[in-house]
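Please go over the structures that come below.
In the two complexes below, chain A is the common chain; its partner is chain B in one and chain C in the other.
Presenting the complex of A and B:
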């Protein structure tokens, strides 16, 4: 893909991690000869992201998500392979590149804790060379969109986690980046705040045509924002495609939830009963058999209502990782 | 040419932003700084009292002159401490606060980033050093300095600051490559620099190998120049023996400091050391 905003080919990152056995003897031995183990944090991944695309980058802890985002932001050098963002090699720290990207990390902060966010915004204005009138316009627009007018004058230390995240986002977007790397932006936030951040990301992308790469452990974030997901585990890509195709590829079943006239009926001959709540019964059936089982249920049982669904995305992701671990 | 001027201007604005942020942070902690200033005063007094102690135990010395000599050493020690602290904090403080990744991702050249740190450190350090000198010399001991030329002394300290900043840049790489203990090594560097430079004694009393190191230490020329200005009343024109080496060391140490820092940054980015701690 030539016009890709993010281009990654055979990207690898390895670290030499020190390791030793427990105990005094091993510790003393380590003084003379330190043993290290090579860890492949990212192991030959390739993908392209088109302009304006919003991609979910999923994986369990230690899968290589943050390492990848750091390489794409120029904070880590690649061990081998190719990474380009907006046509730039991130590690070169070209100003034109740095001024067009933003990395937002949910568990880090760019705003000084002891200063009101407004002071840190001023620093960003100087560093990102934002003309004052643009700066004021962007700042006021973001402050309004995220409803943080009362918060930006308080020292960041005194804000709640959710409030801090919102002002962090304002700080990261003052220079209107074209590419956003969002690393767990909703981590630790309550459901309402998560929703607000999701809505904001969608709105920002729509307004500015930004390309977004998002990592999150909350599938609600991914489902609300991403059409495409890349699943990474042990540094390797397991899946790259439409979110809807993920369950088709990895989950060989669907769930049928039926409201029965008599909830006591034995439905085990139709599929695996995975949940029963009064007259509401949930069955897991092989995907290929879904139509046949549904028809049988309707014909043979007193069904009041029936709903066929793909399995929840959390279950599918869990299944993907479980399959990978087994292999 | 216009592009170059524009880039330079933008870089200076960025460095100005770093200075401004340091001002805000210092202002935020101003009462802590007052507390630290009191500690520095106490520390300086313990050193200056040594001259009185020697006299009281029967030593034959010009007490006023010795006290002034010791005071100048203690003030330069404190000044160097402030410069190194600010430069070490370029990495250490940001690592602790969790802002290090963002700072190193910002579109500001490392030279201007460090220059912003250095300029504020010099301004703040000079202010603190002046206060410290005045409080100890005039408020506490009532020292007499009939020949003192304060402006040349100030200029010598300012010129030597360029070299100190260069060395500070080299030191600030330590917390970059060693997140756990790198900051403490800055104190080792500060002490080592001053011990060979005649901080409280003439360089001539040192072993020969230390005297050789003293010739390449900017602190040697800074201490000599300041003492000549305050004790002997030397003017700037008579101080080329100090100013010239300071300028030469400054011209060498700044690019060397930047080079060392850039190598440290590359190492940190290769080994994944650019992350928060604490």
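Presenting the complex of A and C:
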């Protein structure tokens, strides 16, 4: 893809991590000779992201997601391979590059703790050399979109976690970045706040045509925002494609939920009964058998209603990681 | 994708805007902690007052002078010392250590401006309330200890520049030291060594004229004397115009060497950043 906003080819990052046994003896030995272990955090990943695309970057803790985002935003040097964002090599941290990206991390505080966020916004204006009229327009727009009108006048330390996250986002986007790296932006937030942030990300992307790369452990974030997902585990990409195709690739079954006229019926001969709630029975059946089992159920049982679904995305992701761990 | 235009001002004017904005923010931050600022000043004043009482007492008991300095000259030295000390406070290697170890540097690396600009501007702003609070204390110390001052306008002008020169020198050397954290994680021991050398070779502990000859000679070849002794001398001693301007030139030289050293270490150090924590 020639016009890719993010281009990654055979990207690797290794860390030398100190390693020693517990106890005084090992600590004393360490004074003379240190043992280190090479850890491959990212191990030869490749992908491209097109302008305006929003991609979910999924993986368990330690999979290499944050390390990748840090390489793409210029915080870390790559060990080998190629990474380009907006045509720049991120680790060079050129001013023109840094003015066009933002890395928002759910657990990071960049605002002045003791001052109202408005003062930090003003500081960002001068750092990013934002023309004042654009600054005021962007600030007011972001404040309105995230509904933080009164909060930006309070000292940051007096804000709740969710409120702080919202003003952090305002501060990070004042310079209107074209590429957003969002690392767990909804972590620790309540459901309402998560939803607000999700709506905001969608709105921001639509208004500014921004390209977004998002990591989250909340599948609701991914389902609401991302058409495409990249699944990473042990530093390697396991899947890169449409979210909908994830279950087709990894889940070998579908679920059939049937509302029975006679709830007491034993349906175990049709598939694995995974849930039963009164007259409502949920079966797990092999994907290839779905049509046949459905036809049999309708023909042989008194079925009032029937619904065939892919398994929940959380279950699919769990399955992907479980399969990879076993292999 | 829409790109924001840059502010119309050129790079230098934008940088000046950044410095002014950061200085303003730092002053506001300091005013949030009034009690802490007062306590900090008490601590700052205690150190020179102790030196002052000790040396004044010794001078009185030694027939009026020690190493050629009278009690009044000691008083002048340490009253100006406190002002210089307040002005040359910088972001320390401990700060760099924490910033690197905890991953706080990440936020600053994401900005299109080198973090050293932020440190320079922030600590410059922090001085404004400290100096304002110190001035009435200086008046009280003057009334109590009766210092000997004979100041020319050029000396005041050189002093005003020299305190900022001292600030720049300390910033670049201590920041270069702080970057050692990229290799060792804990830079405290090295910093202690630096502070010990500074105490002895800068005039921070005692006026350099009271130190042995070889210490005074060594001090000429190191940056430390230009961060304490020279600014104090500019106001307290009777330096010739050549000595005053020569001192500023030496400060400029050590600042340039400091910038070069910091830039060199930064170039290699930043490749080792692991951005842990954040």
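In this section, the second predicted complex is superposed on the first by the 327 of 327 C-alpha atoms of A that agree within 3 Å, B and C clash if a C-alpha of one lies under 4 Å from a C-alpha of the other, contacts with A are read in each partner's own complex, and residues count from 1 in each chain.
FYI, contacts are C-beta pairs under 8 Å (C-beta built on N, C-alpha and C of every residue); 3 or more make two chains touch, one makes a residue touch a chain.
This one's a predicted model, so the numbers in the text were calculated from it and none came from an experiment.
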Would you mind checking whether chain B and chain C clash or fit side by side on chain A after the superposition?
clash
Look at A:130 in the shared chain and tell me whether it touches chain B only, chain C only, both, or neither; answer first, second, both or neither.
second
Taking the superposition on A as described, I'd like to know which of chain B and chain C A:280 touches: first, second, both or neither.
neither
Go through the superposed model and pick first if A:209 touches only chain B, second if only chain C, both, or neither.
second
Between chain C and chain B, which one touches more residues of chain A when both complexes sit on the common chain A?
C
Looking at the overlay, what does A:114 touch: chain B (first), chain C (second), both, or neither?
both
Looking at the overlay, what does A:76 touch: chain B (first), chain C (second), both, or neither?
both
Shared contact residues on chain A for chain B and chain C?
15, 70, 73-77, 93, 95, 98-99, 103, 105, 108, 110, 112, 114-115, 119-120, 122-123, 125-129, 155
Residue positions on chain A within touch of chain C in the complex are 15, 51-52, 70, 73-77, 93, 95-96, 98-103, 105, 107-108, 110, 112, 114-115, 119-120, 122-123, 125-132, 134, 138, 155, 175-176, 178, 208-211
Okay, in this complex, where on chain B does chain A touch?
10, 13-14, 16-18, 20-21, 24-25, 28-29, 97-99, 101-108, 266, 269-272, 274, 276
For the complex, which residues does chain A have touching chain B?
15-16, 67, 70, 73-77, 91, 93, 95, 98-99, 103, 105, 108-115, 119-120, 122-129, 155
Going by the contact rule at the top, pick out the chain C residues touching chain A in the complex.
1-9, 14, 17-18, 20-22, 25, 28-29, 32-33, 106-107, 109-113, 271, 273-275, 278
